[in-house]
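Order of writing sets the chain letters: A, B, C and D. Residues in each chain are counted from 1.
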Amino acid sequence: MRERLYSLLNGDGRAAMWYGRVMTALIVASLLPLCFKGSSPVLESIEYVCVLVFIADYLARWATADLKVGKGGLSFLIYPFTPMAIIDLLSILPVFNALNDALRTLRVLRLFRALRAFKLIRYSKSTSAIAAVFEKQREALLAVLCLAIGYILVSALAIFNVEPETFNTFFDAVYWAVVSLTTVGYGDLYPSSDVGRTIAMISSLMGVAVVALPSGIITAGMLDELRGGGISD
Amino acid sequence: MRERLYSLLNGDGRAAMWYGRVMTALIVASLLPLCFKGSSPVLESIEYVCVLVFIADYLARWATADLKVGKGGLSFLIYPFTPMAIIDLLSILPVFNALNDALRTLRVLRLFRALRAFKLIRYSKSTSAIAAVFEKQREALLAVLCLAIGYILVSALAIFNVEPETFNTFFDAVYWAVVSLTTVGYGDLYPSSDVGRTIAMISSLMGVAVVALPSGIITAGMLDELRGGGISD
Amino acid sequence: MRERLYSLLNGDGRAAMWYGRVMTALIVASLLPLCFKGSSPVLESIEYVCVLVFIADYLARWATADLKVGKGGLSFLIYPFTPMAIIDLLSILPVFNALNDALRTLRVLRLFRALRAFKLIRYSKSTSAIAAVFEKQREALLAVLCLAIGYILVSALAIFNVEPETFNTFFDAVYWAVVSLTTVGYGDLYPSSDVGRTIAMISSLMGVAVVALPSGIITAGMLDELRGGGISD
Amino acid sequence: MRERLYSLLNGDGRAAMWYGRVMTALIVASLLPLCFKGSSPVLESIEYVCVLVFIADYLARWATADLKVGKGGLSFLIYPFTPMAIIDLLSILPVFNALNDALRTLRVLRLFRALRAFKLIRYSKSTSAIAAVFEKQREALLAVLCLAIGYILVSALAIFNVEPETFNTFFDAVYWAVVSLTTVGYGDLYPSSDVGRTIAMISSLMGVAVVALPSGIITAGMLDELRGGGISD
């Protein structure tokens, strides 16, 4: 019985395929209420149905954790802390909070419900080649991320101390640095003094190199993938 | 007779080459009236001449569909649904609508006439190498497009629920997400709260990786093309 | 005598090297007056000295054109139409116009003087490897440029006809399309209607692919260059 | 004794590892006071402790310079001019200035303290692969930087002379050129005349190629690194 449940949730058979399709549709449906400002009985009932299914799915996955993780009874303790289980749990949790309608700050928690969309990755195969590239180059991409974060913090520190009249808090300076490094540049925050602009110029020019790094790493990984791992042999 | 018409439309001979050049000139000419706000007799007559020629071209291509598609009588039914035929038809259609001058909403339909420019692709050879790269990597690029759209929707959902005061509708949030992911960043819409800015930062940083993907795929395809397909062998 | 002049202008000897350095310094000096709004006697005298040297350089190069082009007497007719000679001439011309101080529109012509800086390319060697990549991939880059220009014109046509209230002239729409495609996005012009924003979104997303093309072509060329032309063999 | 000090500062042993970790923590701690506008006794004492440790670290490194540089007594003269020693010194210096609290312009000097963060590079290993790519391609990246700077100056010259009403000083024009070339585009400065916009368009389009160059160079270097230097053999 549990074996059949497991194969339904994780297998490749026809029933599992249909289960995946229904879940995908439910995930998309559950995101609908987030796209409207008000609330209507229809949207609310969609939400409650979806969450009930997700809770059942979560419990079913937990109940078959030993077949997935493969470490006997210990699996039931390990499973809730695997990345996918955490995402599943976070996508259900906001509803428990939503029962307590008085708190306005709950709106921020609704953010986690958006994570439901990432569940789609579990049910699609077209992204597996790209995921493989990210997986293989994970270490290099993490190093670039560290470098980028360090670079952002240094830029933010520099601009924050040079132009305190433009940037009220350090957070503002970090926001400016990220928006500049990624070359988005909304224009809501920008330096106005000459020293600040000089820092912005150096920051932007070096930012081109920092942005070129993930591009280079991903391209190299792509080529590696295309050649069937010929480079790493 | 139909064979000669077919070779004129699709062949490599001298007459076909000149027919292509005249059509290219007419397509460019037919776009001229779209570049001016008002309307003058000269622009209108240019438009009517061009459209008449395009209708003749469309009918001639349809009449020789069996030679192109090569499935006998069935070809005449299949041809109007091939991508190129649909573009051809859409580039003629707005004129029929234009006869009914009263409707102001027709202005949106004029947009389809801009598709005429894509007809140029049919008559140029310089873009064939680039088209080959896109063709070969079509699946990977489609997967990236799906990933990017999913990513945009998640970003839009997150920002829309965190900052409802900035984004009036979900469409506004999607527009913001696209403008941020592609790093255009006009600055007409941007988050103003700290939570919203945090989402914008995470979104922008991950966006760099998403934008690096098509770049990597196209570069890998370019190298493949340069080497004469040596990778895929 | 003319042979020695030729080797001074184009050779690799010590005198030629020093001549190159002095010319580089003069080019940089001649750009100084362009960096200030007003005019001072010092800046004006710098300008006149530089232009006199440039005229002498231009005439000397013309007088030794047969040794450079190598087509006998015909060389003197061909030389003024070679790209480098045209740049040299354009960098001298504005001064003749400057004698006629009354015309305000001359300010636009001063723009051509900025071309003097490109003369620096003639005297540097560090850019030759990069130039080789551009040279080899010239055809592909030209095809991309054509594609990008076509794409810009189509985007501009679409937005101009959908949002005539935002874009006064077709030129405005082209400017918007370029600023969006290159992801600069100043924010001085942006669509405000829903249809316009949809066009902006499609345009930006496809723009990512268009911008990825030169990146891919240049990277492929770089690799080719690094391997000593191994790909093209 | 000096040998043991040297191995503590530069070695691979357990003590050296812990010294590195403590220094990293101190560097991060020393950056904290820069993230707040006001000043508190806690932040000030953190700062003084950190600087005292950094001065001790600087002197200890100087005292063991002969073991590092390996040129006998001359090493003590060479060491203070090595890049890392200059960064170390600059990260201490502002404090000496800070003793003189009256000067407001000291705020600019605090900028150098941000350089402390770069010290982190000395103690991390994850960035070494990326550093190797930058090291190998240093010449090509420098050539691109020269090209980019030349390109920025030419763009700035052109726009400054065409639109003097928008750009007050040449510095403004350079700032605009950098923000445009790197495609940040804040929108605080942009051309408003048709000629200025034409220059902005040409500048942006060519900028795409200039920005693609470092990307291409870094990708080629990445591939080289992945293959274990197979290209350069």
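As a working rule, contacts are C-beta pairs under 8 Å (C-beta built on N, C-alpha and C of every residue); 3 or more make two chains touch, one makes a residue touch a chain.
This is a predicted model, so every value here is computed, not measured.
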Query - Candidate from A-B, B-D or A-C with the same interface as C-D, over half of contact pairs in common - result: A-B
Query raised in the report: Out of A-D and A-C, which chain pair has the most contact pairs?
Result: A-D
**Report entry** Degree value of the rotation bringing chain A onto chain B, based on Cα positions, nearest 5
**Finding:** 90
Query - Same-site or different-site touching of chain B by its copy chain C, using the half cut - result: different
Query raised in the report: How many angstrom lie between the CA centroids of chain A and chain D, rounded to a whole number?
Result: 31
Query raised in the report: How far is the middle of chain A from the middle of chain C, if each middle is the mean of its Cα atoms, in Å?
Result: 43
Report summary line: Residue ranges of chain A touching at least 2 other chains are 183-187, 215, 219, 223
Query raised in the report: Tell me, which parts of chain A touch chain D in their complex?
Result: 139-140, 142-144, 146-147, 150, 153-154, 157-158, 160-162, 164, 169-170, 180, 183-187, 190, 192, 194-195, 197, 199-201, 204-205, 207-209, 212-213, 215-217, 219-220, 223-224, 231-232
Requested in this report: Would you tell me which residues of chain C are touching chain D in their complex?
Outcome: 31, 34-37, 107-108, 110-111, 114-115, 117-118, 120, 124, 126-127, 129-130, 133-134, 141, 145, 148, 171, 174-175, 178-179, 182-188, 211, 214-215, 218-219, 221-223, 226-227
Query raised in the report: For the complex, which residues does chain D have touching chain B?
Result: 183, 185-187, 215, 219
